[in-house]
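Both complexes below contain chain A, partnered by chain B and then by chain C.
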Partner chain A sequence: MFPGRLRSTLRIFGNSFMLQTKENRLSQYFIAAMLIQPVIFTLLSVGTYLYGKKPDFGLFAITGSGLVGIFNNILWTSGEIISRERRYETLSLIMATPTSLFLILLGRSFANALISIFAMGMTFLTGIIAFKLPLGINNPWIFMAGLLLVVLALTCLGLVFGSLFVLSRNAGEFIEASNFPVYILSGLSIPLTLLPFWTRPFSAILAPTWGNEILNNAARAVGFNFWPDFLWLIGLSLVYFLVGWFLYKRVEVLAFKSGNLETW
Partner chain B sequence: MKSSLRLFWSGVRSSWANYLVYLTPSIYLGVHVPRRLLQALFFVLIAKAAGGNDLAKFALVGNAVQIAVFSAVFSMTIVIEAEKWNSTLQYLIASPSNWLPIMLGKGMADYGDSLVGAALVFAILPPILGIQLPVWNLLASIPVILITVLAASSLGWLIGAIALPVRWGSLISNMMGYAMMIVCGVNFPLTALPPAVQWIGNVLPVTHGLQAIRMLLNGQSYLQVAPQVGLELMIAFVYGAIAWLVFGYRLRVIRERGSFELI
Partner chain C sequence: MAIIATQNLKRVFNTTTGVIRRKKKEIIALDGVDLAIEKGELFGVLGPNGAGKTTLTRILATILLPTSGSAEVFGLDAVKKAKEIRPRIGIVFGGERGLYWRLSGRDNLQYFADLYRMPPEVTKKRIPEMLELVGMTDRANERIEGYSRGMKQRLHIARGLLHDPELLFLDEPTIGLDPVAARDLRQVIHDLNAAGKTIFLTSHYMFEMDALCNRVAVVNKGKILIMDTPSALKKLVANLEVVEIECFGAPNELIEKLRAHPSVESVNIEMLDQTQLLQIQAPAGTEKVQEFLAILNGVQVRKVITRQPTLEDAYVKLVGKEGKGA
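Presenting the complex of A and B:
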């Protein structure tokens, strides 16, 4: 019984992953957010630091811009998944099938997250080509592990937003409004010391903050203890997942009670 | 003339009506305003970290104007895109009325909103960041801000006209808006860029307008900024004229080929 269920879960996850990957290939917004926007953000942030005669901040600005690209992709496409199903009038049908929309969202969000790693590659490439910055990474394995953990955490965060978007037609507007506060509070390309102290708790509950710290430490520091940051990121992923799951269940109950999704 | 003014006013009313449908008070206050303020704040904070208060002030002025510019470029493209997506382009073409005043009128609500965006950034961010902007100098720069945003709208119109046969208009204008932050001297001076990129910046709208605004904020007179303002006006005129020709050509080709559905 259990292996059969696991197999079916993995199949749904895999199919959702593949479907999203195919949709992304055709999405101009996804391609722009992955390939063009990270380049522009890198040119802007690194250019500003170089003009201010702070070349040491180059790598910091590059990893920050990469995380901006990853976050933007995941959040935007998580909203798009729900909005698109709504436009195609398939959202209600998916909700009505025995397969959980949450699982489908998980597979599709993970596809977005994994592909969005390219955004980080684009920012590094821009730093090397446009600014000739020496971008050696001292701890490449920790950097890669950190990047994967950030992607996992942001996938789970995408589930939280995805669940909420089922009940709203204004997902796009919400995403637009939430991008920049997250960039600022997470210290992406900005030192957190510039922000008032009362913002620290908000920064602490955002996965990009810890991802940014891990990636920067992995790139520059020697012999640092990365475990606390890793554990924090794993803990946040679990919390996001549970919140997403809880929200989804609430949304499901609301949708089944009202018998349609058109009221939202 | 009277007929053109009537058409222009009709376009203004239509754009305002569209605006009210899209921007409900909750979306405007909860999303639209915070997004603009936070976008400007993000780039100003980068400048503050890079070069202290001097560069932060430079970036604040640049980003306040850029908020309006971004909105103007994007929304003028969308005015044209919307005709396509709403399937109303054929009516625009078939109608005996002159399309130019209508299209200009349809951009007016966005033009006004983009200026409100800039005003909000100028009003709210300086006290938060502890940056001093002389109020009288800021007021003196308003006419140049209006000209700069107008010049940016002409670029948006051109992008919309060029991108009419493809489906990437909004994407192109969005990316153009961000790219202008680099090449028009928004976050750091144009002189920090390689000569070839500086040349691109010099032939784009906003660059000269922004220079004039900064000079006015530093206490210089209208006479001293006249060459920059003149250049900005000339660039606005050239982009507007090219946009008018390209858009007219597009409409003519669509009419000749009867290919409404192919765009």
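Presenting the complex of A and C:
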């Protein structure tokens, strides 16, 4: 039996998850981002590699496009949660409850993240149907575990970015501007080996880099040691989580100070 | 011990204007507010738009920090002890927003019950009770987006009361409601107070304050102009009478002439559908109606009446000759 406080915390997490799922079900943006965007990304990236006569990169392009879809959805929707709260004018009301905003957003971001796995499915489906690529996965369990870890890491990263939306309604522009550098630095759009060496530290602190590595190896390699990548990804998730938690503490105070919770 | 106490409470908002030559501007929303509200009171804050009512409510409800001064709720500092205050207060803001439109009324209440960490066995009983109280049981399973403004407002009340708070903040709860819905809501507020809840109510409707409140603070430009019972406030204008002249488009210069008349205390202008209603306060028994009409020579007059002053007139007198404000 859980102690009462933990039980109510789990209930808040669960109901925040459900709230977000119900909201997404009716969001045209979310549906478009789940169905259309991954298909377009896949067509563009796989098509580019095939046109360049590099069919070996087909799977790389598929997982990369899938991760782009997941990353895009998690980050954008994490911010969108706050923007929507501002529009509904519920942000100040939920911040006036005894529950921390961090816990509420954790549940809601996780819902977005979990649903965004669908984007990966869409990219595989596009690869099979449009390009007839042989997309067998050698290590399906490692692939699935890796995918879940990536989603967890990106949920935590989404919380870090989401905190900016509490402070400013213009945070979306910053997120949008940071999308493509992240795609490049994480090796989602081009292989990391093509990037200059000085970019490596930046790549190393981005969860999609390791997610991409794990998913590609799980799909293609035989007998590889996945633990270093897994541990690195778990470590990054912890760092993102702690940074997000710290930021929300600070951001809550700053938002109460500035009094802009209803501005949108 | 007072349930709410503020001392020299001040809140300044900083804004910037211009793109290239940005200028910082300070807006003083609250300017040295002193308050003491006792348990069980239905306390009203009355003032025009921009007077500082919402700012005061938000500071007391722990969702806005004051710039200086102190605010205590239940004897706890509203800045440092916000977490201890929050489970004991309920907040209801006026207007249509503040709910999740894509969820049903019941789901909205369920979600807020969780955020207030209410045990499921309590929630199970409390949500139907609250829906019943605000007359929303029949529509509780429908999505909010299909609700009328009055229904949303009633659901706000249910949400604010869900966790059985000792103190309820109602910020212009009847704003935008049709007269019947507003009357019903006033009855709910009255019943809640009769049941022992302390209520902090803001409004710019004078009759609402008159009908509901034990005490009223009139605020304008961030300051409390006066704080007393509605009947005591009405005594401020007991020696006055109000001449109401309904006319079609009186020019500003004539209104200024009216204001300059030695017997005129104040002139308030209310815009009706096609006409203006000039409410002229003058000492009782002066019978200056003919003189006022003479000043308005050439303006088409529809109706003239002389009446006893109300709380609204006391408010107009206090807030200033510019009328009800912006």
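One rule holds for everything that comes next: the second predicted complex is superposed on the first by the 251 of 264 C-alpha atoms of A that agree within 3 Å, B and C clash if a C-alpha of one lies under 4 Å from a C-alpha of the other, contacts with A are read in each partner's own complex, and residues count from 1 in each chain.
As a working rule, a residue touches a chain if its C-beta (ideal position, glycine included) is under 8 Å from a C-beta of that chain, and two chains touch if they have at least 3 such contacts.
Quick caveat: nothing in here was measured; it's all calculated off a predicted structure.
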Contacts of A:Y88 with chain B and chain C, given as first, second, both or neither: second
Touched partner set for A:G259, first chain B, second chain C, both or neither: second
Touched partner set for A:V239, first chain B, second chain C, both or neither: neither
Contacts of A:R11 with chain B and chain C, given as first, second, both or neither: second
Partner chain(s) touched by A:T97 [first = chain B, second = chain C, both, neither]: second
Which of chain B and chain C A:L114 touches, first, second, both or neither: neither
Interface residues, chain A side, partner chain B - complex: 28-29, 32, 36-37, 40-41, 43-45, 47-54, 57, 61, 170, 173-174, 176-177, 179-181, 183-184, 189-191, 194
Residues on chain C engaged by chain A in the complex (per definition of touch): 11, 13, 55, 58, 61-65, 83, 86-87, 89, 91, 93, 95, 97-103, 107, 110-112, 114-117, 119-120, 159
Contact footprint of chain C on chain A as seen in their complex: 4-5, 8, 11-12, 15-16, 19, 22-23, 26, 87-90, 92-99, 104, 253, 256-257, 259, 261
Chain A partner contacts - residues on chain B that touch it in the complex: 27, 30-32, 34-35, 38-39, 41-43, 45-52, 55, 59, 167-168, 171, 174-175, 178-179, 181-182, 187-189, 192-193
